[in-house]
Amino acid sequence: MASVTLTNLVKSYGGVVHAVRDVSFAIEDGEFFGLLGPSGSGKTSVLRMLAGLEQPTSGSILFDGVPVEDKTPQQRNIAMVFEQNALYPHMTARQNISYPLKIAGMPKPQIAAAVEDVAQMLNIAHLIDRRASQMSGGQQQRVAIARALVRRPNLLCLDEPIAHLDTLLRARLRGELKRLQRSLGTTSVIVTHDPIEAMTMTDRLALMREGQLQQVGTPDEIHNKPVNAFVAQFFGLHSMNLFPIDHVSDGAALSGQFGGETVTLPAIVRDMISRDARLLVGARPSGVDVRRAGAGDAPEGMRVSGKVYVSEQLGDALLVTVQIGSGTVQALVPHDRDFAIDEPVDVVIDANAMFFFDPDTQETRRFASRLAVPTAALVQAAALSV
Amino acid sequence: MIKLTRRPGVEDFALDRLSSMDTGGLISRRELLKRSTAFGAVATLGTFSGVLSATAQAEGKVTVGLDSGAFTPILETFAPEFKAATGIEVTFASYPLGNMYDQNLLALQQTEARFDAFDFWPNFTGDFGPFLTPLEEVGTLAELNFDDIAKPFQLLNHYDGKLVGVMIDGDMFVDTYRTDLFEDAAEMAAFKTKYGYDLAAPKTYEQYRDTAEFFTRPDKNLYGAVEVTNYFVYAFFINQLVQLGAEKGERYGQLFDDQMKPTLVTPTAIEALRRYKEISAFMPADLAASMPWDVGRQAFFDGRIAQANWWTDMPKGASDASISKVAEKIKCTRSFGEVTVLPYGRAMGIAKNSKNPKGAFAAIAWLQQSANANRWVAETFAQSLMDPWRMSMFNDPKSTFPLQSASGFADNFAAACKDTLSNPKCYLDISIPGTNRYLGSIIQHVQRAITGEATPEEALQAMTVEFEETTETYGRDRQIAHHNEYRDRMIANGYWS
Amino acid sequence: MASPVTIRVSSRPKDSAATVRHNRAERRATLMLLGPALTFLGLLSIWPFAYLLYASFTSYQLAIPIPTEWVGLGNFRRIFASSRFWSSLSITLIFALVAVPLQIALGMGLALLLNGLSRGREIYASLFLIPMMLAPIVVGFAWNLFLNPIYGPLNALLRGMGFQPPAWAQSPDWALPTIVLVDIWQWTPFVMVVLLAGLRSIPNRIFEAARVDGSNRWQTFVHIVLPMLIPYMTVAFVLRFIDSFKVFDVVYILTKGGPGTSTQNLAYYTYDMGFGRFDFGLAGALSIVQLVLLTVGTMSILAMVRRRGRATGSELPPVKIERVAA
Amino acid sequence: MTAFSPKLSPGERLSTILRHIAMTLLLLLFLAPLIWLLITAFKPYTELFISPPTILPADATLENFSKGWAIGGGKGITDSLIVSSISTAFCLILGYPAAYALARRFPPHGQLSFTILSLRMMPPIVPVIGFYLMFQKFSLFDTYSGLILIYTFMNLPLVIWLLSEFLRQIPKSYEEAARIDGAPWYRLFWDILLPLSKPGILTAGILSMIFAWNEFLFALVLTGEKVITLPKALASFFLFQQPNWGQLGAIGIVAIGPLLIISFYMQRALIRSFSVELGGR
């Protein structure tokens, strides 16, 4: 088991393409750590540098405070599970699992015992003499995990290990992996592009974009205290609505330009915007409500009229997309409501669910004062929706 | 397919090779074995008498290069006898006839000899000469049994005035004609009516032309003549050129003047080319423009041809009932025209880079002993292989040409050959350096004239240009010297004029 | 628990010592892997080409013991002045521009025929592929025997049917068509495989869509199949174009360039000059002329293809073609 | 509605049968020269030159095979085997590492692989004069080693390119997994790469064998009478001598037999792995 510290890690290819730009973070001993980001964000490069498959252009990697840049994967004692093609196709599961031990020169009886153990642990004893082609994707991945764990590595690297599996299997393996990691206590790093995976499995995660680290923190922190608009939009079940507001002076009342529509701004926005002429406002769909045009009073919030673009039934909620001027807003409303296409509606954005971002730097100026949906509920929703 | 029931000994091996020899179904294996045993006894005697002195100092190994894989097995059966007689081990290597020139020339330029002795067309003596050992530096003419060689063949293979090769195969043109046509009373009468003279094997070009025309009956699938118009065009064109020159009383067959300027664009050459083309009209129409050697011969065997002015392989094959439909209906005689033309043939010489010239000489001398030479011809005779080149070969035709002896054709054949070889008028192929290229030009452009790609004048003009280029390449002065030497040799012996 | 996050964007950082070491090791490994093969290929190309280039500017006559002289461009002048060169060039071009399009047309027919079969496609294909696997020498004499004017079966058959068949390779008029025929016979299957791969790459739904749109077979072929196969036909054409400069063995066996010079292509002419006459100066220059012609020809075809692709907005895609023999 | 019913209507079944009959006839026609060669191999000498020819031998014989073997076919086959197998071994030994480097460290269809492949495109007549002069200089003329050298040169570009195409298709993750498992380079090669690239090696090896087996021009020019490969042996039968077609046919059949068997069994693998991308260049 090991703790890992990355300092000023840079990876560039051919001196031109900067895959990883100056990334620093630390992984604690026994932690299940996630590397999250869209494709091309450099997360896989970071993992491969951690594993020793690639050499950082500059920066340092410390395992338990010891630099490892010159060490081979074996010397670092890491193990890795790949996204696909993880098993050697010409070997049986048993041969696959015992291969690292064989290389290490472990005596045969011990190998057999170790393989037996790990096969029991992963419930693959019945597959042990099959080849990769005779197993399903999930089974293959399980054997791959067994091969990784059989060495008792300092660090377990998981490169999108379940990304290509079908949804049900993915959900199941997610839980199993998490349980396994907890019971073994192996420091683990998982690379994923799926926020739900990161959210559900990891203790902490690092969110990356275009080679740069955006934020490191627990899933809860990142969900509720995103450092910038990108993190806020990327990390969540549904994408966050973002709308720039231009300040329009309108006599006594402050109003703003929103999607081409002029709206009266609630107090909280007025507070923020009085300092700036422009503001980027964000709200998760769960913090947005849609009502029939002119129906009743709204809670404190921003009210804007538009017409329904489309509404999608999610089972336990209804996702409504409303066209406002030239833009759209998504709202999550109770599932028993009903909207017709092109129906005129009012959109009400809960003022307490609003995030405020600097329109230029995209950095967060203020978090929502009220959580739109608790993380736990979100996770549950995610588990159900898959 | 291949029996490997027991490990064969040397003799078995030799016999196996012999039996696997391509006899073309002409001779049974047993008969061949019997015959070779009989010859073996004779050969041993011959060896002791003739070659003993030559082999006194010779020992070790000799490699002999030959131009075809097909008769290498025959020579290999000689090897044990040769070894017994001389203590020299002979191995035979073969190269394709088509590569005789290039393979040998390449071999001769290596530092170490690949062949100690090898065979070549006498035409190439000029090209190979610098790389050959004059035979008389290694041994004597007596050892080669040289006097027995037919006179024309004695004059071949000279380079810089020295003998560098000796014949092992004597090619000549003879006329083979169908007795069922030429001696048929009705045909004779019809011919007489049409042409005004008696039908017989042609003696002149006109007769050749007339008889060819007379027997050309495409509706009956019969044609009056067959000549090669494919690769070996050279021989047939030169034959026309020589015969026409002789008719006109010119110095026949001369290709160059004394300054090595080509004498090709002449009325004689144009007429010769025209005659060659004229004859092609009496050949099987589909093939006339490019008759290959083997196909032409096959056409005769199939009974589609009335007469053939051809090498001796024509009568040899045609008299063999197993491959010929006309075996009982042929005779042969001297070819038309006044002059004997001896195109190609094969000589054997000793490479200058040979490590064992004495051994090589011994091998050549052994083959030149009458008994061995006769046997050589007898055993390869079934194929279109070795033709007689020694006068003693005609002494007892039945033993030299055993396969034809039954029908009595052997005597006829021997007489025709003897007659041809003792003709005082004779034309021997040019053999100065560069002959390969001169020949190449002739072949190429005569073919173009035959196929109609070029007119005779154009073809001869193109030949002239290429001849000049070749002469310049080799150096005009050197060529003049070589050509003078060649011409003098011909004239001194009464040939050429 | 959360680590402090610092984001600094620096300019290109200096490589760390470990990285420098690692890169050096990588380069060394690459060199060790590629080195032997590249050295081998390099040596065996440089040596002969240096010799060839040298020979082409001299009067090198292998068979004649005369001094070799520097003749500058003399050999090239001789080549361009020689009618044999121009006729052999035109025969080579006939192979490239007549035989190859015919192969493509016939290959297309065969491919369509095979593609239309629901069963046995593989077996037929592999049987059609047989000629391609054979030594050209064997092909040459199989045809020589087959087309023999006297005892060959084809002419016997034709005569039996009342035709007056030509003498094929022995006929001045038919020799070149015969060689072209043999080339077509041997290499049409290759084109067939390429086009079959192309046909298999067209998704079935396109045919279904065409059928739904009411297009008949011929229309489907002209408007849909043909345009989609153009990249494959291009690839087949380029490869066969290159190969058409290689035709030698069959000529050597069937006609030796004859009758006359009617089947003498550049390769055979070069061979004849080099190893028939041992005029290595001329043959060397001929080799170089050939190489230049082939390179320029191939490059201009490819450039043309690419330009056309750009003009029509469909850059020639990286075509995966399948090929059994080169 | 027939299109959707699994059972064929009688009309369709008939058209299928007709189509197969047509294909079979076409094939017979197409392969006629080879079939004729095969028949001729069993004809005795006396039946070879009959006009018009008999279709089947009246008196079939196996003699042609043994005689053909004795008069040069055996030597040709032995020499061809020696030369093609050793040159193929060299091609694979030299080519595999290079192909690996090309596949893993260079972009596909880059300048390097194009240069290597273009060596293969060159007509053999172009370098042959240079080779000949080189052979004279280094005493390689008419030696096994010389011809092996040339065939290695001839096939190496192809082998490199084929193998690199093949290796490119092997996911990198296998190698990475092995590196992570701690395999040193030789075990990586032996345990992982070699078994995975076996089909590629087999294909490249067989094609290299076939090309060396079939090659004629280099053999014609660069060897004499010590080394006589099969094509050269066959050609030497043929020139100016009325060839014994039966023996020629027998050797020809022996020469192509192995190729036919191999190509039949390997056809699918051969076709699959023999892919080229030309459009990019």
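Letters A, B, C and D mark the chains in the order given here, with residues in each chain numbered from 1 onward.
Just so it is clear, a residue touches a chain if its C-beta (ideal position, glycine included) is under 8 Å from a C-beta of that chain, and two chains touch if they have at least 3 such contacts.
Please read all numbers here as calculations on a predicted model, not as lab measurements.
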(message) Measuring between Cα centroids, which chain is at the maximum distance from chain C?
(response) A
(message) Applying the document's contact definition, name the chain pair with more C-beta pairs in contact, A-D or B-C.
(response) B-C
(request) Averaged over CA atoms, how far is the centre of chain A from the centre of chain D? Could you give it in whole Å? (result) 54
(message) Taking the mean of the CA coordinates per chain, how far is chain A from chain B in Å?
(response) 93
(request) Please report how many Å separate the Cα centroid of chain B from that of chain C, as a whole number. (result) 42
(request) Let me have the rounded angstrom distance from the C-alpha centre of chain B over to the C-alpha centre of chain D, please. (result) 40
(request) Return the residues of chain A touching two or more other chains; collapse runs of consecutive numbers into ranges. (result) none
(message) Counting only residues that touch at least two other chains, what does the list for chain D look like?
(response) 49, 51, 220, 235, 238, 243
(message) I need the residues of chain B touching at least two other chains; which ones are they?
(response) 98, 109, 231, 298, 302
(request) Write out all the pairs of touching chains, ordered by chain label. (result) A-C, A-D, B-C, B-D, C-D
(request) Spell out the residues on chain C that touch chain D in their complex, using ranges where they run on. (result) 26, 29-30, 32-34, 36-38, 40-41, 44-45, 47-52, 55, 113, 116-118, 120, 122, 124-131, 133-139, 141-146, 150-154, 156, 159-160, 185, 193, 197, 231, 234-235, 238-239, 242, 245-246, 248-249, 252-253, 266-267, 270-271, 274-275, 280, 283-284, 287-288, 290-291, 294, 298, 302, 315-326
(request) Note which residues of chain C are touching chain A in the complex, please. (result) 1-3, 5-10, 12-16, 18-19, 21-23
(request) Could you pull out which chain B residues touch chain D in their complex? (result) 1-3, 16-17, 20-22, 24-25, 65, 68-70, 72-73, 93-99, 103, 106-107, 109-110, 114-115, 231-232, 293-294, 297-298, 301-302, 322-323, 384
(message) Taking the touch rule as given, give the residues of chain C at its contact with chain B in the complex, in rising order.
(response) 59, 61-66, 148-151, 164-167, 170-172, 175, 256, 258-262, 275-279
(request) Quick one: which bits of chain D touch chain B in the complex? Just the residue numbers, please. (result) 44-46, 49, 51, 62, 65-67, 69-72, 136, 141-142, 220, 224-226, 233, 235-244, 247
